[in-house]
Amino acid sequence: MAALAAVTLLSLAACATDEPAASPSGSASAAAGSGTGDQSKFFVQADYDAELGLLDAAATGPADKPWEQVLNPTMVDTAKFKKNGPHKICFSNAALNNPWRQVGFKTMQAEVEAQKSRIKEFVHVDAEGKDQKQIADINDLLGKGCDALIVSPNTTATLTPAVEAACQAGLPVVVFDRGVNTKCPVTFINPIGGYGFGHVGAEFVSQKMKPGGKVLALRILPGVDVLETRWSAAKVAFDKAKVDVVGVEFTDGDPAKTKKIVDDYIQRYGTIDGVWMDAGAVAVAAVEAFQDAGKRVPPMNGEDQLDFLKIWKDKNLTAIAPTYPTYQWRTPIIAALRILDGEQVSNPWKLPQPTITQDNLDRYLDPNMPPLHYAMCGCTDLPGYPQRWK
Amino acid sequence: MQTVQPRSLPLRLPRVRPGGVLPILAILAVLLVLVAIRQPDFLAPSSLMSFLGRSAPIILLAAGQYFVIVSGEFDLSVGSLVTAQVVVAARLIDGDPARTWPVVLLLLAFGAVVGLVNGLITTRLRVPSFITTLGMFLILVGAVYLWSDGAPKGQLSEEFRRFGRRAVEDVPLLGRVPYALMVLVVLAVAAVLLMRSDFGRTLVAVGDNPRTAELSGVRVWRTRTIAFILSGLAAAVAAILLGGYSGVSFQAGAGLEFGAITAVVLGGVALGGGRGAVVGAMLGALTLELLFALMNFYGVSGALRSTVQGAIILLAVAVSATRSSSR
Amino acid sequence: MSALSLLPARRPVPGVFVALTLTLVIGWLVVLVDGGQLFNQSTTVSLLHVAAGLGLVAVGQTLVILGGSLDLSVAYVISLSTLVAAETMNGSDGALMPAIGLALAVSAAVGLLNGLLVTKFRVNAFIATLGVGLLLKGYLDSGYDGPAGTTSPTLVQTLGYQRIGPVPLSFLLLVAVTGAAWFALSRTRFGHHLVAVGGDPEVARLSGVRNDRVLVTAHVLCSLCAGLAGIYLASRLGSGAPRVGTEGLYDLESIAAVVIGGTALAGGRGGVIGTVGGVLLLASIDAIFNQLEVDAFFKQVIRGVIIIAAVAVYARRAMRKAA
Amino acid sequence: MSDPRPAPLLTLRGIGKSFLGVRVLDGVDLDVAPGEVHAVVGENGAGKSTLMKIVSGGYAPDGGTVELAGEPRVFRGPRDAQRAGIGIIHQEFNLLPGRTVAENVYLGHEPVRRGFVDRREMLDRTARLLASIGETALPADARVGRLGVAQQQVVEIAKALALDARLLIMDEPTAALADHEVELLYGLVRRLQERGIGLLYVSHRLTEVFDLSSRITVLKDGRRVTTVDTATTTADELVRHMVGRELSSYYPERAAPEDLGPVRLTVRDAGNRKLRDVDLQLRAGEVLGIGGLQGSGRSALARALFGVSPFTTGDVTLDGRPVRLRSPRTAMRAGIAYVTEDRKGEGIVPRQSVLDNALLASRAVFAARSGRAARTVRVRELLAAVEVRGAGDDQEIRFLSGGNQQKVVLARWLALNPRILLFDEPTRGIDVGAKSAIHDLVRRLARDGAAVLMISSDLPELLGMSDRIVVMRDGRIAGELPASASEEDVVALAVGTVREAAA
């Protein structure tokens, strides 16, 4: 009642709208599918080609700081955002609901702390994985006098209008991880991306396993763009190598479900000769399923989570770990500060995406870190390491 | 008085009465036939054993849920409780084998306490259990994320994982017998005996008509609270087995509450209480697990799986519901 | 017979509004101390937007709960409705009305299915709507791997973002729907019958109420509300989103809002005004915690406590009244 | 009233109904003329309820025809029957406690104007309706849950009248009413008759049947035994038709003075929210009858003694020792048993077996004390002893007749060897045969040394069974009467000099 009254009192005669200008949305060109099913509508041939090209591109920037490196930079002018510090930086976060985002966010907080002389306030709002809430959050942040806005969108298409509204409010917007369907942010930061990840894993698996063998593809969820692009690239690779993909299953990131699925596939086909997965969360569970069934663990990919790296080393697996580095969480802070200094930044800001292989495994495997920590955090030089990440 | 006719009432029929286990046995049999057609070697002792072993946690959860449902309540908190238990166990054990047993005991106590709180809020504060346990669900998920800063820490010891992952090898006839299966058998027998005991009969009576029970000297609040505690304990054991089976993760218990309730209903137990057998509930869980395995064998696409699951649940429940109410 | 016992049946102001006022006052003070401002324009707009989405669903949920039923499928209906609407519109204004009509028709069909399962097939509402939810989930998961379709620009401009002062159009839609639902409950036969069915189905049946028809109608209306929420979300998101309903936890949150608003979960007692109070309470807590940058997980704990506490308070009141 | 009747309003011909192959009605013929009260009597389970449900659209008959004013009708549900002008007043109230009188009266046929419920019209019409049956004090917008039992019945009747019913079915309408309220009902029934409304009147109370009806149909085992003119028959004859037995054997012999033992229970100056200044003594071997109007505190007394809503003041001593009866458990431990008045709601666990029902109390309270097997054997013996008929011990109790259910409830308490038994309307809604079996049992228990307190609204039963009668009024004990008291004595005490409302 009180709220209703307050709202009525507050209401003004004028009509206002937060609606941004209409936006063009990306179109998808689908490639033909094969035994692996229809190609995802997320698959965009041009992006795919570009990303695979980037895998071999040389990065500019300090070699020991991959989070500051850029692949194929195209610099944009930011003079109009120049402002005296210290700054108030606001961050609309899609969610904090998985270890990857947790590690990333801690890295970001550490970066803020490292830059505390230049940041007077860091406002973080967690959308809890809800598009609707993130749209409201961004709108809310616009009323708070932020000097720069960082957005990690929950969903690409659906967050586009909100990000556009933020751009129109006149403050510099930095988007990272997932993108938006608009060019209005000053820069969009992310590593090479899903195609690169999926491709590296799929190529490794198809090369290392016996020819004509059976591959099981394990996916977390349908409909998450990062994961969809990973699978679509893997699909292209498997189709090209004429690999027999016997199953594409969703695990919901649940290790128990993963083990049951793998168990049933081993049961059904006798052997599975390769495992590809679109994220490393359930990699250990998949390995265990083979162990518990008394089978040799086939060539597989995981991610840079330490539990997987550890079992890889301990059990001497044939494995590879493409990464989607958590160090990308440092970059938006760095970029925002550069923009507020009026320095040029690259847009898009493509970060390198290293792959962990048998050769460099030892470099990334730190047995003292917790099992769900991501090795590619780029956080060892940040304040509070390692305690903050434990 | 001598002329009072014994009226023969509509019950001299075969024992397919509502709440019986016959329908679920029939469904299970059909699924087994389908499995046998598609994947005959699944029925070999060793793979059957391992299937039963990996199904043990959900079967135990269904048994726990049964106690609560038959007493006329709901427990939506079990899934989050399992997650919380696994995460707590990993953090407390942190790979140290010596801490295994103390932590196991702690988990059981934790499960019992959560059940106790659920029970007391429901019975003493008169909050509908749907709401109590929904609130508890939110609290547990929130608290465990908060406590672990959003990502599980530490790790489970091999000793801890043994219950859910290892097996007794080289058993004659059966091959490997998973520890989880042995735990399941022991607890299932205990559950059946419990339901035949005075407490069990009283529990069903409470679900059927709490007023009568109260006026017959039953402490209804106490009986129902015990049911919640049993559910909490079942969740603890399930968490130990599940954590052992698949290791620590925030997904460990996700959605298990709905799975358990579905299993219980599939097993012929009436939501609202007063009818159904614990064996039915456990068979219901087994049937669900078999259904999932069957879908893997038949290559039902991962995305369509929930459709199949939904359709079968609706069909099974609708058929039994319309039949039992044909009077 | 004491005179007191014959006082006419006046419904007390739901306690939720007391709680809401307290929350807002305390929240305002705490945020003020923290150096922020709770009632600035953008915060208010955000709060009302969140309330509008959840509110539309919760009003529908109130109807089925009043009738002694329950709908756990709303989250999937919302997602489905965003997709149907956005794909039919496909970015053009021309298909606006057909798209809205189609989205609502599809939602109503799901409601019809729920209703028939609950009434004709006598499946417990919990299981029936859970099952239907799973059916829809399967369809959404296999049919869509991400946002699809484009919402008509006009709809985005109006329902999605238009506001009058700090009040978004969507909130006015909620007010209108709530008003309609309130009117339906107190001034139509359907409403009277629904409350009767929820209060005591046998009494209703023997009084000549067609219970099945009433419950089916309630389920259809509930799904329509969820469908409307979906159309609103499509206008907000600019496209159809196959997981927006489940991500938003609209199923459990709507039930929570309903019970916080004082409607008995068993049916037969309560109303939509209280539900809107519950929705505003949840949205306010969200807004306050956002301002204070409270950890989302902590918020979840608080939310759990509030849901239990609110219902415990109602239960106490009922007990006192009965005593 | 036995003048040549006009053409019948309702005609039933050859009505039959089976459930799962068991015939519960077989070829029943019956007709009701406008303005006639046609009583239907029979034991519980004789098929009365099923017949009433068929007439009111609750069930469809398997065979036979229902004609209303000469036209054959098929009712697809209660609504159909209502539309045709058939109203029913149920034994258990069909009211929504959370809604107002007007909302209840017009539930299912709310007055609408331009598609919307016209609340004002609804309130007005309800008020007029209530006034037309002499209930001007009852506001149409009062919430039904706050009304007393008698007022609720008035609402129930108003509800039926609001439908412009041509035929009214009353199923045990006086079961919940106090005697002076029954008088009001009589007046109401006569007014309905004057309006030309036909009544089907189902009752166990033969007095009412004789007072009101012009014809009586007796049902037995689903068949019509006979239809007689009330004027030409007697109660004895009627009971013979129902059970084939004489009225005279109704009550067992009372206790002789030497049978009475020491004082078991003493209540001194006790009270709670519903009771004041209760002083009472109960001796071993006696049956103490408690009379009074509904709501006079009779049930409250039993519930206080059983610890359901305990005394808050005063003292209770048991065999000379003071006791606090805080809960049913403490009462049971002290040797008290309580058979409640609401058998369906508080007496049975409907979907459990006869055996489980009988074992409920022993399991709950004395679980540890006695061996399980021995206990089960004993309860089976008790079930046999109380002569539960027509069912095995594994049968779900809800399928038993009311009388047999009550016997199971008795067995439950006998298993505890109680020294004090509290009976609240032990024979309400029970057929004649089972009734007298229960009477015998009560007396036998007293003879074996138990102290029995028996509440009854049925005056012949109260007078026939009690060794001493205590009458309550307004939460107090109004007075005590000897066994030789008359019905008038009881009523005089119960009503007091000033007639006041029961609630």
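We just call them A, B, C and D in the order they show up, numbering each chain from 1.
Methods note: contacts are C-beta pairs under 8 Å (C-beta built on N, C-alpha and C of every residue); 3 or more make two chains touch, one makes a residue touch a chain.
Since the model is a prediction, treat every value here as computed from it, not as a measurement.
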item	value
Maximum centroid distance from chain D, chain identifier (CA atoms)	A
B-D or A-C - the one linked by more C-beta pairs in contact	A-C
CA centroid of chain A to CA centroid of chain D, Å	72
Rounded Å distance between chain B and chain C, as computed from the means of their C-alpha atoms	31
Geometric centre distance via CA averages, chain D-chain B, whole Å	43
Set of chain C residues in contact with two or more other chains	141-142, 295
Residues of chain D engaged with two or more neighbouring chains	none
Contacts with 2+ other chains: residues of chain B	145, 150, 301-303
Touching pairs among all chains present in the structure	A-B, A-C, B-C, B-D, C-D
Touch list for chain C against partner chain A, complex	13, 17, 20-21, 24, 36, 39-50, 53, 91, 141-142, 144-148, 150, 153, 156-157, 160-167, 171, 233, 236-239, 241-244, 247-249, 277, 280, 284, 286-287, 290, 293, 295-296
Residues of chain B touching chain D in the complex	1, 3-11, 13, 17, 19, 198-199, 201-202, 204-205, 208-209, 211-219, 274-275, 327
Interface residues, chain A side, partner chain B - complex	96-99, 101-103, 106, 219, 222, 247-250, 252-261, 263-265, 267-268, 281, 284-285, 288, 292-293, 307, 370-372, 390
Chain B to chain A touching residues, read off their complex	39, 41-42, 47, 50, 54, 57, 145, 149-155, 165, 242, 245-252, 254, 292-293, 296-297, 299, 301-303
Complex contact set, residues of chain A against chain C	1-3, 6-7, 10-20, 22-23, 25, 40-42, 96, 123-126, 128-133, 135-137, 139-144, 154-161, 165, 222-225, 228, 250
